[in-house]
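Both complexes below contain subunit A, partnered by subunit B and then by subunit C.
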Partner chain A sequence: MTTTAPASAPAAEPKKAAPRTSPQGSGKLAALLLTPTFLVLGLVIVYPLIAALRESLYRRGEGLDESGFVVEGERFVGVDNYSAIFQGEAGDRFWNAFGNTTWFTVVSVLIEIVIGVAMALVMHHALRGKGLVRASILVPWAIPTAVSAILWRWIFTTDGVANQILNSEVLWTAEGQQAFWAVVIADTWKTAPFIGLLVLAGLQLISGDVYEAARVDGANAWLTFWRITLPLVKPALLVAVLFRTLDVLRMFDLPFVMIGQRKFAVETLSMLAYDEASNLRYGPAAAYATVLFLYVALVAFVFVKLLGADVIGEARSQKRLVKRQDKGEVQPVLPVAVAAGGTPL
Partner chain B sequence: MIGKARVLRGAAALAALALLAACGNDSGGGGDTASGGGGLQGNGEITFATGKDTSGNMVKLVDEWNAAHPNEKVRIVELPESADGQRQQLVQNAQVKSDAYTVLNLDVVWTAEFAANRWVDELPQDQFELDKFLKPAVDTGKYRDKLYAMPVYSDGGLLYYRKDLLDQVGLQAPKTWTELTTACQKVAASVPAAAGMGCYAGQFEKYEGLTCNFAEAVQSAGGALLDAEGKPTVNTEQAKTGLTTLVQGFQAGAIPQKAITFKEEEGRRAFQAGELLFHRQWPYQWALANKTDGSSQVAGKFDVAPLPGVTGPGSSTLGGHNFAISAFGKNKATALEFIKFFTSEKSERSNLIATSQAPTRESLYSDAELTKQFPYLPTLKASIESAKPRPQAVKYGDVTAAIQENAYAALTNAKTPEQALADMQKKLEELTKQ
Partner chain C sequence: MSTNNTKTSRRWLLHVGVAIIVLYCLAPFYWMVVSAFRRPSDQGDNSPFPSPLSFENFNAVFSPDVGFERSLANSLVVASITTLFTLLFGTFAAYTIARLDFRGKGVVAGIIIATAMFPGISLIIPLLKLFTDIGWINTYQAMILPSLSFALPLAVWTLATFFRQMPKELEEAAMVDGLTRGQAFRKIIIPLAAPGMFTTAILTFIAVWNEFIIALSMVNEKSMQTATVAISRFTGITGFDTPFGTQMAAGVIVTVPLVVVVLIFQRRIIAGLTAGGVK
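Right, the complex of A and B next:
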């Protein structure tokens, strides 16, 4: 805020005469105060978005002139860049990458939920060495993805640790299904702690009273988990799963660094966009990015519509006590999620 | 509860937007700057954009230059370590027409792309003693017969072989593939220490190294990737012989299965661990495999030979780096002088001694003092002289991808060699027809 104050101060000067309490004046003041935020949002989100959309409608650098120089200038091609994505060889490659992206998302997020929740329960219940357990579970999350990809590449080389443990010679980084699973393993290792962290935050907000009541009613451990813990951490878990889903949908660095480029078992949509851009075809690259954007937006929308609505419906039918609990913890969880979800790739 | 759903939705939208924003970066480029051979003017400070200087010798040479030219100082700008990263940064810089870089250190396969996009200026051929340089290396700096980049470092593939084991069975270094496989069988049959050793490996992972190894297999069988007019010729008998040799090597077990994941370093580790009898590798392995600090099991036990062919010695692909002048840089006359300085015999000699990178000046290969220190120099010279550059294509990225795609498919038995070569030919014709 300190940086924006000087900019807005001179503009506010002439309006000083207006009575502060008038609804019109306060509206203007609000608009004024919000302007810097909108400017920044416009600069970092709206402008690149529009620039990318525009780019996706053009092509350039096609063909050579007589003396062998690239013909300069760009050409408007309408939706050609988009239709080219779905046709012929490029189409096969696209649907393969689309399948990989989706499959990565489904498989790794499911595994991560199970492991993440288990981690959260351990972290929550650990009595001795609580700090140590939490810290060690969170270590993978703290390592940059590209670094962990290199780490896992070493583990998965033919004479690496993975093959030594399995006492086999699996060619993990060669083309094939095993490469897909290698990426899933590395991704799970890295991001299950993220889900664990958010679920832990949810767990800590559940009041001990509910568990006491369950114990009095004679519920066993499984029933307590299934009927009390899980419904009560669900909002936190959903936020974590949403962020993980959106994250995996744009997966790039793990398969890129670990397995390599143009390996069809692990090629994702982000890698396609990168490949086009690095071959100087920015139009098609922008088109791929836009398609991926639409896919991510659609998944996010469906996710929120289906699961978000469900949460509300379910909460309504809950008993009053549970409902109050539920309401109480939703709010504190979200900021944590937003802060954590903002971490780049 | 509604508030929560909205926050969720908002968060989802933001995450999605951030993703798209991250992809829509570029907008500059194009334009119409004229570039020609004679316009290298202006003296003053310049920059030199290069990959990592691992030996420290670049800094030493630049310091030397700066001491002699106090008004035309050169500043080194270090680019990322990987070749892809370097190219990306150079391309981005050229597209915004920044004058941040003056002299560019280009990989030999980038010349055509940088020249055709007018990102580098033509160099005056008569100002360099081109006849004193290795011709194949000079050719990598040319695009359509004009010189755009001056070769500074060269590189050629060598066949590293376990001299100790071949000596035990009384064999010389093999000149042909048949001799090579026979040698493997003999060693396996009569040297107990060689039990379980792999016969041969190169770089077969799906990356630039595979393009090099495939090109060498084709050339060593008498073929070529492109003919003299630049038309692709990979669907020929010779190319088939070359590719089939590799495919059969994998099938028969002469090339270990895991070699499909080998880049330079994986192969070097295997060779140094004594797992390979023969290894196709660049000269840099010489010094590392001869280290006696325990990192190499084969120090002093190996020698190098030219790559094997079908009927006689094979042909290597050309590696190396050339220096070019950015079309958007300032003080180009100084830049030209700096390149001359860097390619002088004195500089190249100091480079060879400090980095063991292959020089581009012919005379250094027969220098008695240097051949004593680097006994592989004569073999390397032979390798470079019979070497061929990789396709000089403007869309080199697509060309090499098409080659890797199909060669990899053949090596992993996803396609027959015939099918792979037919597909490769079709793809390369599309990419080079303009």
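Right, the complex of A and C next:
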């Protein structure tokens, strides 16, 4: 029913809507109702995307033109901003930020999956304290990332409680590898419970019969988890992981507030672009932002196409869905996961 | 006997697991609260309870030179107005996607969800330039408009899920009884969808209240800072000898209302968060 071909539309019509609504009328109404949303998204998403692309081909500031005069304002520099990214000092900084962004994503998301799934299993089987767990799991989610960054900065100060518990004297928030791990820990704290929540929702859909059958067949706990539980929660998990991944790829607040700007160990692509922009080097900043956007788009594409994350399944496969609903099967996954990733940006 | 043993140990394992989760989630939050209630002179004290209990940090947060009330008010204005517009536009879009048949529905849904993945920095840089040119820096609209970029897709998806859950027959019956689609929407759908809209409003409000990078970029005047930015700026981000106690107190002030709301509506919020995920 998604992209109803005109020929098939009348067939769907009678059970769908009252007689007075023709498909054309529906289309007009749909266009009318969607206009405000698309106007806003056009202004805050499409315009910036195009403007950033244009901006990334210009460079601001003083330069000398061919005849040796000082020129102020923006100059068209073609792909210079992009080629500059990959070479020399700027290149080192870019590749470092690119590496940090990628590593933050891989490491944090992997740890969050393991902890999140473990939490979901405990919550699913817990006999007592379910209400308490459900309440406490929402607390890290509700805390603003900027506030949690300051909280963890405080926990990780030199004479802080982390060093006291570990009986160590690590300079967690100073430049260096340990700062990277401090950020990973803070990020995991905030978002693993959320993955747990989504996986739990997936677990609750699995019918007890499946486990009963596995038990009769003599599967042990580990085998049951690996062969039954995990494959069945995979759709929910995959979308949660996709959105967490995209969220970490654009990570900004946590390292920015917790560790600081221009720190080699934790500088992400977002932070690099922000730093360039705040120094009014809009051209390079836009180039970094565009590279990040392409990176995010590529990762999203890989998830959806190769791993089969069913992101817009709900809308795209409505026909199949209706049939499956009739049979009482699970609906495809749809990602309100964004909500919870913590920082939406 | 042995099965009994494994059952008992399993039960113990679950209890321990529950305890670990609660500790994991609440211990850092507890530390924020404890640190906030210490005297500033006890800041380095790592004991688990504040002794003596002190409100000095809270007084410091509201001292005239910090002006945190103003930041809280700014956050409230930005989050409320964004939520209002998000609900208004989002309800129409979500209803359309959930209930109407039209060509290109898949594309529309795809575009809206794709915008949710957009990295914030990519829209901030061009908008920062645009807003500088039209004199919008240090205004509420400079924070509200970009915030819609993540709030709106989020709200559309959550609302669409709620709309789908409502029985189609009610609306159809109303239309057979002679109501127009618009009337059916206003008189039947909206009242029924109210709980879902309320949940979406809470989720949106929290997301915008917690927003950082837009508020940081679009404002350079202290009086227009939102609460999250103000807290991070209490000393300058890389300052030494940070007044952590004051920051923790400000953190408690910003967070506790959210936590209270979240705990009151926890069932709804979990439904909202996972509604899309699975049904």
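Please note the rule applied: the second predicted complex is superposed on the first by the 259 of 345 C-alpha atoms of A that agree within 3 Å, B and C clash if a C-alpha of one lies under 4 Å from a C-alpha of the other, contacts with A are read in each partner's own complex, and residues count from 1 in each chain.
Going forward, a residue touches a chain if its C-beta (ideal position, glycine included) is under 8 Å from a C-beta of that chain, and two chains touch if they have at least 3 such contacts.
Note that the structure is a prediction, hence the values are computed from the model and not measured.
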Partner chain in contact with A:V216 - subunit B first, subunit C second, else both or neither: neither
Partner chain(s) touched by A:V239 [first = subunit B, second = subunit C, both, neither]: both
First, second, both or neither for A:L127, with subunit B first and subunit C second: second
Which superposed partner A:E74 touches (first subunit B, second subunit C, both, neither): first
A:A135 touches, of subunit B and subunit C: first, second, both or neither? second
Contact breadth on subunit A, by residue count: subunit C or subunit B: C
Partner chain in contact with A:L166 - subunit B first, subunit C second, else both or neither: neither
First, second, both or neither for A:G260, with subunit B first and subunit C second: both
Subunit A residues contacted in one complex by subunit B, in the other by subunit C: 44-45, 48-49, 51-52, 55, 157, 159, 235, 239, 243, 246, 250, 260-261, 273, 277-278, 282, 285-286, 288-290, 292-293, 296-297, 300, 311-312, 315, 330-331, 334, 337-338
Sites on subunit A touched by subunit B in the complex: 44-45, 48-49, 51-53, 55, 60-61, 63-64, 67-70, 72-74, 157-159, 169, 171-175, 235, 238-239, 242-243, 246-247, 250, 260-263, 273, 277-280, 282, 285-286, 288-290, 292-293, 296-297, 300-301, 303-304, 308-309, 311-312, 315, 327, 330-331, 334, 337-338, 341
Touching residues (chain side subunit B, partner subunit A) in the complex: 1-2, 4-5, 7-9, 11-27, 29-32, 84, 88, 91, 115-118, 143-144, 205-207, 257-258, 260-261, 266, 269, 394-395, 397-398, 401, 404-405, 408, 412, 414, 434
Subunit A partner contacts - residues on subunit C that touch it in the complex: 11, 14-15, 17-18, 20-22, 24-26, 28-29, 31-32, 35, 44, 46, 85, 88-90, 92-93, 95-97, 100-130, 145-146, 148-154, 156-158, 160-161, 172, 175-176, 180-181, 203, 206-207, 209-214, 217, 228-229, 231-232, 237-238, 242, 244, 247-248, 251, 254-255, 258-259, 262-263, 266, 269-270, 272-279
Touching residues on subunit A, where the partner in the complex is subunit C: 1-4, 9, 12, 16-18, 20-21, 23, 26-27, 29-31, 33-34, 36-37, 40-41, 43-45, 47-49, 51-52, 55, 118-119, 122-123, 125-129, 132-155, 157, 159-161, 164, 189, 193-194, 196-198, 200-202, 205, 235-236, 239-240, 243, 246, 249-250, 252-253, 256-257, 260-261, 269-270, 273-274, 277-278, 282, 285-286, 288-290, 292-293, 296-297, 300, 311-312, 314-316, 330-331, 333-340, 342-345
